[in-house]
Structures are given as structure tokens and as C-alpha cells.
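Per-chain residue numbering starts at 1, and chain names A, B, C and D are given in the order in which the chains are listed.
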Amino acid sequence: MTVVNGYEQSDREEHINVLNLESLEKRAKEIIPTGGFGYIVGGSEDDWTLAQNRKAFTHKQIYPRTLANIDNPDMSTNVFGIDLKTPVMMAPLAAQGLAHSKGEVDTAKAFANEGALMAQSTYSSASIADTAAAGEGAPQFFQLYMSKDWKFNEAILDEAKKAGVKGIILTADATVDGYREADIINDFQFPIPMANLEKFSEGAGKGQGIAEIYAAAAQKISPDDVRRIAEYSDLPVIVKGIQTPEDAELAIGAGAAGIYVSNHGGRQLNGGPASFDALSAIADSVAGRVPIIFDSGVRRGSDVFKALAAGADLVALGRPFVYALALGGALGVQDAIQELNHEFATTMQLAGTKTIDEVKQSKLADFKY
Amino acid sequence: MTVVNGYEQSDREEHINVLNLESLEKRAKEIIPTGGFGYIVGGSEDDWTLAQNRKAFTHKQIYPRTLANIDNPDMSTNVFGIDLKTPVMMAPLAAQGLAHSKGEVDTAKAFANEGALMAQSTYSSASIADTAAAGEGAPQFFQLYMSKDWKFNEAILDEAKKAGVKGIILTADATVDGYREADIINDFQFPIPMANLEKFSEGAGKGQGIAEIYAAAAQKISPDDVRRIAEYSDLPVIVKGIQTPEDAELAIGAGAAGIYVSNHGGRQLNGGPASFDALSAIADSVAGRVPIIFDSGVRRGSDVFKALAAGADLVALGRPFVYALALGGALGVQDAIQELNHEFATTMQLAGTKTIDEVKQSKLADFKY
Amino acid sequence: MTVVNGYEQSDREEHINVLNLESLEKRAKEIIPTGGFGYIVGGSEDDWTLAQNRKAFTHKQIYPRTLANIDNPDMSTNVFGIDLKTPVMMAPLAAQGLAHSKGEVDTAKAFANEGALMAQSTYSSASIADTAAAGEGAPQFFQLYMSKDWKFNEAILDEAKKAGVKGIILTADATVDGYREADIINDFQFPIPMANLEKFSEGAGKGQGIAEIYAAAAQKISPDDVRRIAEYSDLPVIVKGIQTPEDAELAIGAGAAGIYVSNHGGRQLNGGPASFDALSAIADSVAGRVPIIFDSGVRRGSDVFKALAAGADLVALGRPFVYALALGGALGVQDAIQELNHEFATTMQLAGTKTIDEVKQSKLADFKY
Amino acid sequence: MTVVNGYEQSDREEHINVLNLESLEKRAKEIIPTGGFGYIVGGSEDDWTLAQNRKAFTHKQIYPRTLANIDNPDMSTNVFGIDLKTPVMMAPLAAQGLAHSKGEVDTAKAFANEGALMAQSTYSSASIADTAAAGEGAPQFFQLYMSKDWKFNEAILDEAKKAGVKGIILTADATVDGYREADIINDFQFPIPMANLEKFSEGAGKGQGIAEIYAAAAQKISPDDVRRIAEYSDLPVIVKGIQTPEDAELAIGAGAAGIYVSNHGGRQLNGGPASFDALSAIADSVAGRVPIIFDSGVRRGSDVFKALAAGADLVALGRPFVYALALGGALGVQDAIQELNHEFATTMQLAGTKTIDEVKQSKLADFKY
């Protein structure tokens, strides 16, 4: 165990049993300190949207298919010109030092080892350089919380570019902090420094509440900002937090290279629809012009399948992998990725789909349960 | 603590922590005597409509919006020609002396301090004059339980007018008392005198059950009564308890200056629809001819947003503010208003709406949960 | 307490507090012996239809109405040419001696005193003559479980006619006994003799299970039987157990004077729709040609209102009145009728309906909850 | 009790009380060892589809019918040219030695005694010959888990044919093992040898996990396989695991003599629709060209009725009969069949249906509950 500012970080590096990804939450709760766990697990207000994110996957169902004459389904895919062994990717969850002393370094290592895409948050505990190094050349995205201070934005984009990231995820749904009651109840302040904030901004990081950190972030984000970031970085920019076809159109019109359908895991606007319910209409509207990343509520291989069949190209998860990180470090995260891949491959086979393209062309049922 | 006829009134005057407005109920239950608390919290019969009032807000959802290029949303509005800092207003909940020795006086003070609209009930514990004085010129509405005795009606309207109220809310959904089981179980009689009844009627107030008080109220209320009250008072009359477009039409035809969509917080006709479900059709029918006040079930900033987007111009709450009153007097009520405003402003920002007009033009989702 | 064959019958004759009719079940359970209570309370199989009967009333909602200019709603009605003070009537629940030593005699007395319609079952504990006498000329219906033995049918119809009943309710939904698990679990046999079976058939009554009693009843019931009973008795015949427009048509075509929409309180075919859900289509099809009686799941004044608005002319309840019978004899039943009437009158007033005709013309909402 | 490899098999041979088939699960859990019980009861992943299989029967409802003039409903039917006393049949549940030392031998005996159709699994504990012998000439189907090794397939089809089976059920929905968490939690390996695997394959059977057994099974199953099996065996081939009209068409096009609508009791693809919900569209598409067998979630006589009315010709159950097998051997299974038949006959009578043809022509209601 590593103790930073009185906060006890796991430093386990070992394989873990993963019955399924949902089961990790309870186990992680036992080893992540209360404040940190509350920050990770919590949604906003009364967690209604958080709960619907999960339940919404029952709104559509996968038809089992027979006589399809397939075996050994192939999960590999190419999105944004990147070859990946699985459409499962890491969501850019912040402050992974809350779960493990190695933080994003271990997460990056695990995703690299599994041939899966890593995304790192601006508010990461580990630095861009260290996270990139851990990936050893494996593809990574960098997520930008746009600052009011453009010098900060440019400096961090420079750093990300230097580190070789393949794309920038611009978070656009967090222009103010969601009302997260768990953090209020726990009077939570970040005990672990945020490497990027320490390096590129003043006074941010250690000992700050989420509200203070958000305060430095830009409230006003416009299509022009998408353009500016794309031009400055010369990297594909993916706009994160899209929940409507209208906003997907705005983003594409501003030059976004991808759409990231997410409601921030139910942590921002409470009272909105489940992210999975919002996906189909957006995908219909985007109509393949740019790739779509999806997150919020995914826990099962069947969820991955449903998200792809509903229009996603990549499917991201955050919390479960961070729980696995706490429980076993990089090895734990790899175990979780493998379990999810195993469930997804099983689903592919039983749904009669040999390739990701066939998954994406599957018709989902929509019986009411 | 103040003891009146054996009933223990809170007389706290202090700031309170308000995690959210729903959390106040449990805390208030500990300090408001059983009979008084039962009167405030209870609905009619088995509380089915009361429960649906709350759940119905999940029937519509707010789309998070991105790239809207806004910050610092502006909650101010002008309704009935009155400038307000927030569309949140006080519902004319009766007998607030059950919660606090200062009753409506403290509530009025709090709403005035927050630039929000106060409404006082005919059955208030405090007098019209004292309540008006506490507001120090801030806008107030007076709610009328029409008596069978027109002398009473005229006297109380004179008093309200003298006090400078800006409008009369005519309650039209309580022509007989709802069947409130909590009051029967608790054998509840009002222990605290009702100042207006004491002043203007015979024998009402102290020591009476709700049934006796209602007995003095008119059962027959017609469009002609709306006209008569408007003409006598020369004030805008808002008809409260509207749940159908037909009745909105009746009220407007009779000269109502506003429509108050409410099912009396689930305290009158049990087995009716949730008030929020009834709102859209009425707003469509009213089509902006007069302003619409909405209440019944609102607890969250996202509820305020949804009510406005569904057609309301002002959004009233009763119980939560009375719980805050018990817990902290005027300061407690201000804390509750601020918390609700904070949630609402957060929702506005995350929904990409800069002004109340933009909120009102937002399109809600209607996924089924 | 009266003890018959080891079975302890209540013989209370006293007023009871009736908070609401649903609350009586729990209290009655404490004084009715287990086997008898299980027989009364139970439905068939896993009680699914029984549960839906109750829940289905939430599928439609009553609009509160304002400015209706009414007071003192009038519950009186005339159905089948009979003047009644309330549309609430007694369902022909069998074997009321299980609840009270006076059985149907006390029930009849109570309904007569309240100006409400009594219906007596073939399988009543009290005799037709005693039940009729208790009513002192008040209107009563007699319910016929048609026997395979026409001599029995004729004898019992003769007796009913002699007793002055105003109509025959022919139960058509019980041509075999529903699979009632409570009776199997309790190994329930009727401990109390059934007066009509004792008088008119061989060996039936005391000490028999429901299966044995049903075995004597006709399985084959045809439209010709409706005709035959009507011709023999020269009384209006109401066919009970109708759940489809097709069967209503069959009954009317065979000369039925009324349709009794019921699923036997969920005691016969489990897995069928809630009776209230079945009502509207039948009423639309019957279109006023004959009156409609409704039962199954009614417990509240608002349920009575909804059933009338959905097409019923009379609304019957069984179990709650038998619980009241156990708790207070005829006085208890009167208390229960008065409570239900009070709730119903309150609902009428708040829904802006002055008469039963206006109730029947009310439009119900159908929001989904 | 018989102990095999430390596993305690029931060897009860006695009548059992069967209140209903659902109640058997709890009782069987007490006598079947944990690992074996988990294997039988479990579905895949979080059992969502398993749960919906059961709940989906509430999506349609049976109309009680009156004046139908019928008695003594006739459950007999002829499907695939086989005369049967009931449309209820045994699903080809594997490894019944987990429940009882006699395994499929006792099940076959019970179904023969009740004039009902037995189906035996490739993975049965008892041999084809012993199971056939126990049936004493009564009709049986043999279920084939197609092996990658066609010599195995041919040998086992030869054996089944020699034993006189009337049809081959080709399981097509298990080309990989569902993710069954109960087996993982219990670290379950088959303790009881599988007679057919022991005889016809290498090393399979005793001491293997389900994953190892599935590994020997073919993943690729195509319409050509249906043809090949039909031609080789010269028996009717029924394709099991169909959940879409498209796959029914594929199967029929490949010469299938029947369609078996099933989702493997929720044990294969989790996240798919309830099997009952999938049935109607398939039946509409098949339109009587070949018979349809249905399973997954059936527990009640009313479920049998609904499945037939929705398009099935035969209705199979697995788990409940295996629980009955554990509790009473062949006699226990007969008791369970009789109870289900009793419930079904009751339902037929109360739904006004005299014959299976009339059941199949019944219109179901589809109110939402």
C-alpha cells in the first residue's frame, strides 16, 4: 500500500478472478478509500440517469441466431485508421491514482498488452509522458478538459502530441460540474496530485475539490473550439458527451473526426436519458460519416454487442477497469479486458456474427421488459 | 421551542446543510410533531397520486447539450409583470405554524431575500399583514379558499389588497376535503390558530380539523366566481388546481389572468394523473395566452427545468420549503431555495440553455423508463 | 364466538372503524380461522390475475375538474328498474358463515339499511328465505350456480322467486373449479353447512371441499341455459363472468337482461387480464342495450368511479364486505359501505360530477404508470 | 442415496405432492448437491433472459370464455404423426444423473406412462438403449449435440435409430457454451459419466466441465448439416434454438421437419428476448408448414395454453421435471406431469376450449402489465 497525503493507494500487481465486471465494484469498495471510491462510483444528484444507463441495455435484445456456419468470431477492428484487437477501449476516467499507486500507467500497460485502445484524461494522476511510455507505442487517445487558459490547452496538446497520441477527445458535456452528492457527503478533495495540472497550470491538483478543478475549465465551448483544437493539434478531434443528433451535426460541421456518445457515466446532467437510448438516433444521423465511440453503463459482453449493433464503432468503459486496477494493477485490468472480450466473443458466436461488421449489421429486438 | 396548545413549534433560526430538498423530509420529521408532520406530508387515500407526482418527472428527460457556447445561465424571469430572480416560487401551503413558530413570516422573508415569489394561504398561521410586512415590499400572491360567506371573501380580499399582494390564487380543486388518512390516523386537529380565520370568520382556526375548516369553504365554485373575485379585487386571478385543457379554457374564459396546474400535491383527488403528466396538454391549449404556474412533486432543479420546458412559467414547491422552515427558519428556507437554484442553474448550463426562454423552448425526450 | 364443527365463527355485532376497505383484510385475518380466511382471500394458481385486478385501476385515471359549480353529489341510481342509494352492491360471495355466524343474513340487513343491492350466492351459508327476510323487502339478487340436476335448479329458482328476488345472476365462469392453492395448502373443507345445498341437493354442504361442490355444478353452460332460466323464472337473468365482447353478445342474444363483467375476483382462470382492463371493450360493445355489473378488485371510491366511467352501471365488491362482516356483523358491513360511499362521493365532487350519469360520461385519462 | 465420485444422487422412487411445478425448485435444491443444482437451475451471465422467459408469459393473457357449452376438455394431440395424450413433452435436458441415480431412464418411464413425448439429450447420463427400453415403445426423440467428428455423429444417430426414436432434435443454439456463472462459482465438473459420450467418443463424460464437453461439439452448424443429418438418419429433424423467422426459414429450407423455438432456458445467449415473446412471429412465418415445439420458461398450465395459442404444437419443460425426478423418481415425474395437465385442462375448460385445435385458435389478450 502507498500512502499519499493520508490516502491509501493500492499497489497490488497480480492476476484477479473476474467472474464478471459488475462484481468488481463491491470488491474494489473494500480497498479504495471511501472518498475516492465515492468519487469514482457516484453519479450526479440521485443517480437516476446513472441507473438508467445500466437498465437501458434491456430495452433492446440480441436475437440468438442458428445455422450461421461460423466459429471463432473475430473481434478485431480498425477505427480511426487504428488496428485494434477488440472494440473495447478505456474511457478517459480521471484520477486513477485514487485506485492504484501506478494509476494510468498500469491501465495503459494493460490496454497495450491486450491490443486495445487507451484514453487518458487531462485530470490523470500519471503524466502524459509516463502513460505514453507505459503503452510502449500502443495507440492512445488524450482527453482534453478545455481550460479557460489557452496557454494551458496548447501546452497540454503539445505534450500529448509529443507523446504520440492518435487523437484528442474533447469533453464537451462538463462545462460545469454535475451535482455529485457522494463528493459532498464525503467532503471529498483530491488527495493525489494530477500530473498534468501540476505541470501545466497553477495550483491545481493536490488537495482540490472537483468544483475547484472544474472552475478552471472553460464553460463556454463552441464549434469554433473544436476547429481550433483540430487545427492546433493536427490530430483527429472526437467530441465527447454527445446525446443528440443535433449536437453530432454541430460537431461534424466543426470538423470533428469522431463522435463520442456519452452522458459522462451519469455524472453530469441528471434527468437525461440513458446514453444507450440516445445512441441509435445519433448513429442514424451520423450515418457513418465519422466513427462513433460509446460509453455509459457498459458492463457485459452483450452490452458491447448491443452498442455496436446500435451504431457504435468503439465501446468504452471506465469504472470497471479502474476497479480492476485497484484489485490487481495492470494484470487485473488485463483480466477484466479478457473477461469482457470472452463474454463479447461468446455473444458474437451465439448471435451468428463472425466479424465486427456483422455485429454492426445485426438487427436488435425491442420487446418491452 | 415554542409550545402552543401543547404543540411544540420549532423556533430555529439558522443556516442548514441542504444536500438536496428530498433529504429534508426525514430530518423535518424528527422535529415536527407527528400530527403536524402527517398533515404536511400526507396525500389523500393511499397516496397513489402523490407518489406518481414524483415519479412522473422520469417520464420526460432533458437532453444534455454541448458546444452551446454559454456560461453563467440566467435564471431571472418576468411573469405577471413581476421581475423575479428565479422561476421557483412558494406554493401557498397552509398552516406553516405547524412547522415553525414564525410560520409564513419567515417563509416570506426568505423568498423576499432570494428575489423569489411568495404565496400565502388563506389558512396561514400568520396574518396577511404580518406576512406582507416580512416581505418588505417583495412580490407576494394571496391564495383564496373561497368561503360560502361572501363577506368573508370580501374582507379577506380587502386585507390582501391593502397588504399589496400582486395576485389572487383561487384554489378550485378543494371544494371538498380530500380523504387524508394520515389526519384520521393521527386524529389531527389544528393546534395553531389560523390568523385570517380568527380575524375574518367565526370560530375557525384553533383546534379544528381540516374537515370543519373545509365545511366553511364553498363547494360550488363557478366561472362566475372567478369573474366576481377579479372584479372585486381588481387583481390578477390565477385559478389553481387545473388538470385539463377544458378547465384551463373555462378559467381563461372567465377572465383568469393565469392558470395554476396542480393536483394539490396529491392531497385532493387520489387516482388522478400526476400533475406533471397533465401539464403539456394544458400548456399546448393555453398557448401562451396567460402564464402557467405549476406544482406537485417538484424537488429537483431538473424537475424545475422539465416543468418549464413542458410549459410552465413559474414552478412552485410547498412541503420542502416548510421542512426547511422547521429546520432553520427563514435562513433554512433560503438555504433550500439556493440549493434548488444551484441545481437548476447546473441543469440549465448542461442543457445548453442560457435563459429561461431557452429552457422553455427546450425539447424534452420521452423514453420509457 | 360460535363454534360449528370445530370452526370458530365471529358473532360480533358492533360498529367498526374503517380507515379504508383495504385495511380490513389484515384485521379480518386475525379473527377468521385460517382455512376460511384462505378460501375467502385466495385467488387461483399464483394469484397473478388477482393482483392485476387491483393494479389495473391505475391504468386509467380520473381528471380532477374545477369550476363545475356543483355540491353534494348524488350517488343514487336506478338499474334494472330498481332505485338504489348507491351504485355499490354486494357481490354474491359464497359461504359467508366462514366469516360470521349470521352470514348472509347480516350482510343482507346491512345492504338493505344502506339502500344498496344485495346478491346472495347459491352456496350461501344462510338460506334464501332467511336472507330475504333480513332484507325486509329491500331489493336482492340471487346468484345461481347451475347444477347438472335441473330439479335442483328449478327448486332453488322457485325458492328465490318466492323470496321476491329481483334478478338471477347466472355464474358462467366457474364451470370447473379454479386451481386455488390456498385451499390445497390448508386442506380446506367447508365446515359450515350451505343452507341451499342442504335443502335442495343430496349430501352437499357441510364438510365438503370446493371441488366436490363444483362437481355437482354443470360444466356445460350454453346460451340455451340462459334462455331456459329466464323463461322458467320469469326474472331478469344477468350472466356473470363475462370478459369479452363476444360473450356479452352471446349472452344478450340469449336474452340476458344484464352483463356481469367479472373474473370471479381472480379465483377462476389465472393468467387472464384484469377485469377492469376488460371492461371498456365490453361496455362499448354492449352500448347500453342492457346494464352492466362490474366486480373484481374494487376497494376504493375512486375504483367505483373508474368502473362507472369505463362503462359499468353497478359496482360489486365481495371480500371487503365479508371482512367487515367478520369484524362487526351487519353494523360493520354498514360502516364499510358508508366509508366506500364517502370516498366515492368525495371523488364525484372533486371530479366535478353531480350525478351517476355524469360519472358515466366522464372521460378517464390513460397515462402509463 | 447413490454416491458416484463423491456426488450424492437421489434414488427416491415415490409419489410426491406437487402444489405446482414452480414449488419443486426449492425442494429439489435441498436434495441435489450444490454443483449439480447450480448446473441445472442456472442461466447464463446474470440470468436476465432466464428471468424474462418466465415473466414474458404475462405479456399475453387468456380470455375466460363463458357459455361455451363444453366439458371434459381433450388434451390429446397428434404431432409429427405421433398420438399423444398431452402437448406437454420433456425437453432434452442433459445429465439427469445429477438429479437421480436412474436419470433419463426414470424420466422416460414417467413420460411413457403419461402418454407424453420424451426427448433424450446426447449428454444424457443414461444410454440411448436404456432410455429407450424404459419407454417400452412409447415415442421418444433424440437430441443431437453435433460433434466436430462426423463418425461420432453417425454412430450416435445409428444407435438412436436402432432404439426406435421418432425424430432427431438438432440443437443449433449452443455452438459455444453460454457463460454460466453458477458453474464457475461452484467450479462445477460433471461427476456422473455421460453414457453416450463414454460409448462413442474419447475421454468425454466423467469429470469434465461443460466447457470441455462443448469443445468437442461443432461450432459451425449450417443448413447443410440439417440436410446431412436428415439424409443419414432418415428421421424427421427438428432444429432447436430458433428465435427468429429468418432462422426458421433457413431450417425449413434445409429440410427441417420441425422448428423448436427455445433460447435454451436462458442458458446460452443472455440479453436475448424471452422465448415466448419470440414465438408469435416465428409461428406466423412458419404458418403451419411444419410443427413447432416450444420451451423456455413454462411452469404453469396457463403457460402451456398461451404457448399453444401463440403458435406452438408441443410445449416442452426441462428443469421442473428434473426436480420432480430428484424428489420422487419416475413417480415424482408422473405427479408433476399430472399436475401440469390438471392446470392445463382447467385452463382449457375456463377458456371455453374443448380441443387442442381450439386452444391453438384462441385469441390472446395483450394488455400491458
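Criterion: a residue touches a chain if its C-beta (ideal position, glycine included) is under 8 Å from a C-beta of that chain, and two chains touch if they have at least 3 such contacts.
This is a predicted model, so every value here is computed, not measured.
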Reaching chain D from chain B through chains that touch each other, fewest steps: 2
Most distant chain from chain D by Cα centroid: B
Interface sides of chain A and chain D: same vs different residues, half threshold: different
Rotational angle, Cα trace of chain C fitted to chain D, multiple of 5°: 90
Geometric centre distance via CA averages, chain C-chain B, whole Å: 43
Averaged-CA centre spacing for the pair chain C and chain A, given as whole angstrom: 60
Shared-contact residues (touching 2 or more other chains) in chain A: 368
Touch relationships between chains, expressed as pairs: A-B, A-D, B-C, C-D
In the complex with chain A, residue positions of chain B that touch it: 19-20, 22, 57-58, 61-72, 300-303, 305-306, 342-343, 346-347, 349-351, 365, 367-369
Residues on chain D engaged by chain A in the complex (per definition of touch): 45-46, 48-49, 52, 55-56, 172-173, 175-179, 181, 184-185, 219-223, 225-226, 239, 241-244, 246-247, 250-251, 254, 263, 268-274, 277-278, 368
